[in-house]
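So, here come the structures, one by one.
Both complexes below contain chain A, partnered by chain B and then by chain C.
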Partner chain A sequence: MTHRPGRRIFRRAALAAAAILSTIGMSQAQTVLLNVSYDPTRELYRDINKAFNDKLVADRKKPIAVRNSHGGSGAQARAVIDGLDADVVTLALSADIDAIAQRSQRIPANWQSRLPNKSTPFSSTIVFLVRAGNPKAIRDWDDLARPGVQVVTPNPKTSGGARWNYLAAWGFGLKKFGGDEAKVREFVGAIYKNAPTLDTGARGSTVSFAQRGVGDVLIAWENEAYLADLEFGKGKFDIVTPSISIRAETPVSIVDANVDRKGTRELAEAYLRFLWSDQAQAIAARHYYRPARPEAAAKGDLARFATLELLSIDDDFGGWAKAQATHFGDKAIFDQIYSPSR
Partner chain B sequence: MAFSFRRKSAIPGFGLALGYTIAYLGLIVLLPLAALVLRAAEVGPGGLYALVTDPRVLGALRTSFGLALLAAATNAVFGMIVAWVLVRYRFPGRGLVDAAVDLPFALPTAVAGIALAALYAPNGWIGSLFEPYGIRIAFTPLGIYIALVFIGLPFIVRTVQPVIAECDREIEEASATLGANRWQTVFRVILPPLTPALLTGFALAFARGVGEYGSIIFIAGNIPYISEIAPLLIVIKLEEYDYAGATAIATVMLVVAFAILLAINLVQAWSRRRLGHA
Partner chain C sequence: MPDAGAILQQNAHVAGGGTTAGTTRRRAPVTGEGPVARAVLIGVAIAFLSLFLLLPLVVVFVEALRAGVGAYVAALTEPDAVAAIQLTLMVAAIAVPLNLVFGVAAAWAVAKFEFPGKSFLVSLIDLPFSVSPVVAGLVYVLLFGAQGLFGGWLRDHGVEIIFAVPGIVLATVFVTFPFIARELIPLMEEQGTGDEEVAMTLGASGLQTFWRVTLPNIRFALLYGVLLCNARAMGEFGAVAVVSGKIRGYTTTMPLHVEILYNEYNSVAAFAVASVLALLALVTLVAKVFLESRYGDEIAARSH
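Our next item is the complex of A and B:
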């Protein structure tokens, strides 16, 4: 009687249990950093995290696990305020990190001055994606206000990216009408009245435009526009760069209270500093983000970016706090666009 | 004869069971609701008044409640037919159809919303059929209505189905032999005992529809005053860190929903008394 299946099963179970336990042990020994980011950065941070670990290994340090969380920028900020254990936040606009600093005090108020370039390792801008051949002949922001053009853009009330879209249009209007605010309001209002749908996030709008065939033009992050071009079929869309747009700064910060409690400050700071390294800057440019240090990026990647006049949130709009209150607050200018005026 | 709070039961344990019921309901239902109302109270009576008279909030509430009622009514008719067919007829694939009814329960709502938006978008399978006639389904209130009909169907079918199964066929045959025509049999013999269950299903489908977010948001269009639902307004308030405003809208929704559900319950009780069916 050599055949004893019961015993063999037991041995296998024990082996499996040991294997599971050892992986748990390993993952516990490994330090975990949680990077709370916004929606379209999935692919970017996957590459950066890998490069960061490669660098740690090259420096003969223990590799770490960087976990990434993605979602709408505002929702992510709320999650951190409500206690999500983020080590670093990499969000779509500084207003969301300001909100964490103000409402949870987990980040000091002067966070933006702690890293170079106002803590913005790479930025993007706002461009148009149109159907192949540009049948509606859309060249600039005025064309979006034309009757009969359908504009796809997310809701600025729920999407950080959408606020950049809105402000870029506003900035164009200011230049065009020489600062006549009533005319600018009417102009931006005309663009939003051309919107058949306001998705809650930037990805949602991209899908509506690219996959569902809604609208003639998508106002999008530059990186998202290129991604849509790659993802949903080359040659189905054209990218149109307007004459004026905005520098969409997407800043980063460590969450001080969290890293101090977890003892990960040193690593988290190294991780953020790494975003300015040659490798990370080159990766960002490859993913169609405009790097803060263009000299580190590949020439071919940089050549893809069109040159255009870029407005700045701080110089042209008086900073996010002011822009938020005048444009996107409750019953502020954006809400007034839709209120039935009479 | 002394008044007794409860009727004698063969099974002991009334005190324990009632205590448990109250504690459980308090913990699971009332406590979160109390927190909600408390938070909403921060806006004060003036703020609350401004909120419920704001045309945009009113528009969103009208969209949410109106379409939820309409969708529940649609499901009451067609869900009932589905339940009837599933109980009364034997046909190949019946088990499969029966299982498919539960799918809207099981599917994550966001997935349902994305699937519906893809189908009814101007270039979708169904949307492209209507587009040449200038009818838009996705990104209009019609799209919201379709999403609500989708998620509400199982509530009606699953509440009515067991009651139909209980009904004796002999009663219908008796009605026929006594000279009733088919319509009389349907409206005076078959429907009355089903009414309480139908109302329960209607109330459940309606309540679910009012609070629905995930499946609607992708197909709604979310244009203020036109296709904006009340839950989206709540999300917008949260996005502005206006927790009090968000909970205030939620409280208003809660009060309206409670009033409507109460009314449905009263109709149910009335129909029971009047028709003499338990």
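Our next item is the complex of A and C:
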């Protein structure tokens, strides 16, 4: 006698599940591109996706659904290797796209030469975000190595942004100590001694610093620093531009094997080419990314970028493959200078 | 606190285990504590509960409504949030019935039969309690991911598991597996096989015995297990985060969506979605308390 209402409930649950399933099925009728990106690009790609769809409509084509996935750049690359069905990857550094190419063979090794500017539609750099009025008087990288300054930066093992942070500090050290590597090690080591915890991604560090009030200085993407400044209200933080930083090139690629299997190659390529269009370049500059084609961006947006000496990963560090092995590999320099248990 | 809902649900679970022991029959003070000691104990318990349960719950709703009811409703009707709520409900709607069947079958096998390897099976059922959810998620990536054991074959045949809805369902089924079985095993063991034997002697078939004798005997414990299982299924974060791929509006469940929104500095929306999770947890809690107060005896024999 008890099983009858039970069955009715079960039947209703099954019906509800079927209804929900069918709504999900319906949304798939539209062509879908999946853009797997790194942490701080959420706001940027939301605008770009909209502009891309507007352009499709203007060209009398069917609008598409661009889905986005965000996370630490290294973790996102790992997910694509493990089968996350990305049509395009827009990651924080070329080493992560190289990793996809090497480990999954879903992208050809020469991917970076397929699009202009080494496949980098916009770049950024690394700056400091400090508390309003800069109470610890932080002006340049040496101030981060001072005792008593608490530094917030993510973990270079998992975060692309963190690797740029580290290399920028290293580059400053090289200049300061005239290439004496033992001293540079000590210097960068001192900065990381001031970092009590390392978050896994750039956004995690920003939240720690800005929302939870941890630390005196956040080493951050330039765009992330400006965004935090906007989000938490002007006047809570100051942005400090160091004398030397690094041109943080954030490249893009289609994932060939995925787009060929899904038949989305044409759209995916159009989506990436669109990143170099006047519209997308202007949007990038508006979101504080340094556009590859500054002439397309609004003058006012460009004026916000400070001029500073920018190191290049290829010229100053011998490319990502070398930098990765020297600094971030297992038991490489970063492991030697950083011990969380100390 | 991105997954406040999950924490609440787990705590609700723990708190529930405590109340059943104290309710009904044993009211008379059998222990010798004086009134002062009792007052202090009760005071500490209430202070602790308020600090760790009530206050976070209040904060969730205060944060969610900070920008007004309009912003709250807007955050919940935004397409990605709706998709997250739908996905969460769907995953629970698949995982809970599956575990209902598995749980009853496993509990029945363990409680009513003797067979070699029984204690091994019991340990296996408990495995998801002791394995970290992150590991549970990674195991599925290793099995079904593109580089995994079955990944290549699945890919060739166009089957998506990891970074799609099936992976999320699998991970959820894994972490919620013990809830129903664990609820039923002690009760069924206590009830023994007498009723079934009688039914069989009177000529009932195996299936008839199950529907008419076994199931009615365990129905409230079963319902209770389903509630706990459901609460965890909707609140699970760790295992789901590993296999989700975090595709917005597609593979983000409510707990994941809360985290994403929080990381986008959108705490009003984050807490609005969290408040829905908390409400679901509260509904579970009320249903649980109701079940306990009415049918406490029938679900009393429990292990945890």
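Some points to look at:
Here, the second predicted complex is superposed on the first by the 309 of 342 C-alpha atoms of A that agree within 3 Å, B and C clash if a C-alpha of one lies under 4 Å from a C-alpha of the other, contacts with A are read in each partner's own complex, and residues count from 1 in each chain.
We take it that a residue touches a chain if its C-beta (ideal position, glycine included) is under 8 Å from a C-beta of that chain, and two chains touch if they have at least 3 such contacts.
From a predicted model like this one, the values you see are computed outputs, not experimental measurements.
Using the contact criterion defined above for the overlaid structures, shared-chain residue A:His70 touches chain C, although it does not reach chain B.
The partner that reaches more residues of chain A, of the two candidates chain B and chain C, is C. By the touch criterion stated above, A:Leu34 is placed in contact with chain C alone, chain B being left untouched. In the superposition on chain A, no contact is made by A:Gly161 with either chain B or chain C. Once the two complexes are overlaid on the shared chain, A:Tyr338 sits against chain B while remaining clear of chain C.
Applying the stated contact rule after C-alpha superposition, one finds that A:Arg103 touches each of chain B and chain C. Within the superposed three-chain model, A:Ala79 lies in touch with chain C and out of touch with chain B [touch as defined at top]. Looking at the shared chain after the overlay, A:Pro291 reaches neither chain B nor chain C. In the superposed model, A:Thr200 lies in contact with chain B only, and not with chain C.
Once both structures are placed on chain A, chain A residues 103, 204, 211 are touched by chain B and, in the other complex, by chain C. Taken in their complex, chain C has these residues touching chain A: 86-87, 89-90, 93-94, 97, 141, 144-148, 151, 155, 160, 162-165, 211, 215-216, 219, 245-250, 260, 262-265. Considering their complex, residues 55-56, 117-118, 121-124, 136, 138-139, 217-218, 220-225, 232, 235-242, 245 of chain B touch chain A.
By the touch rule above, chain A contacts chain B in their complex via residues 74-75, 78, 99, 103, 155, 157-158, 195-200, 204, 208, 211-214, 328-330, 335, 338-340. The touching residues of chain A, counted against chain C in their complex, run 2-3, 10, 13, 16-17, 20-21, 23-24, 34, 39, 42-43, 67-71, 79, 81-85, 103-104, 203-204, 207, 211, 228, 231-232.
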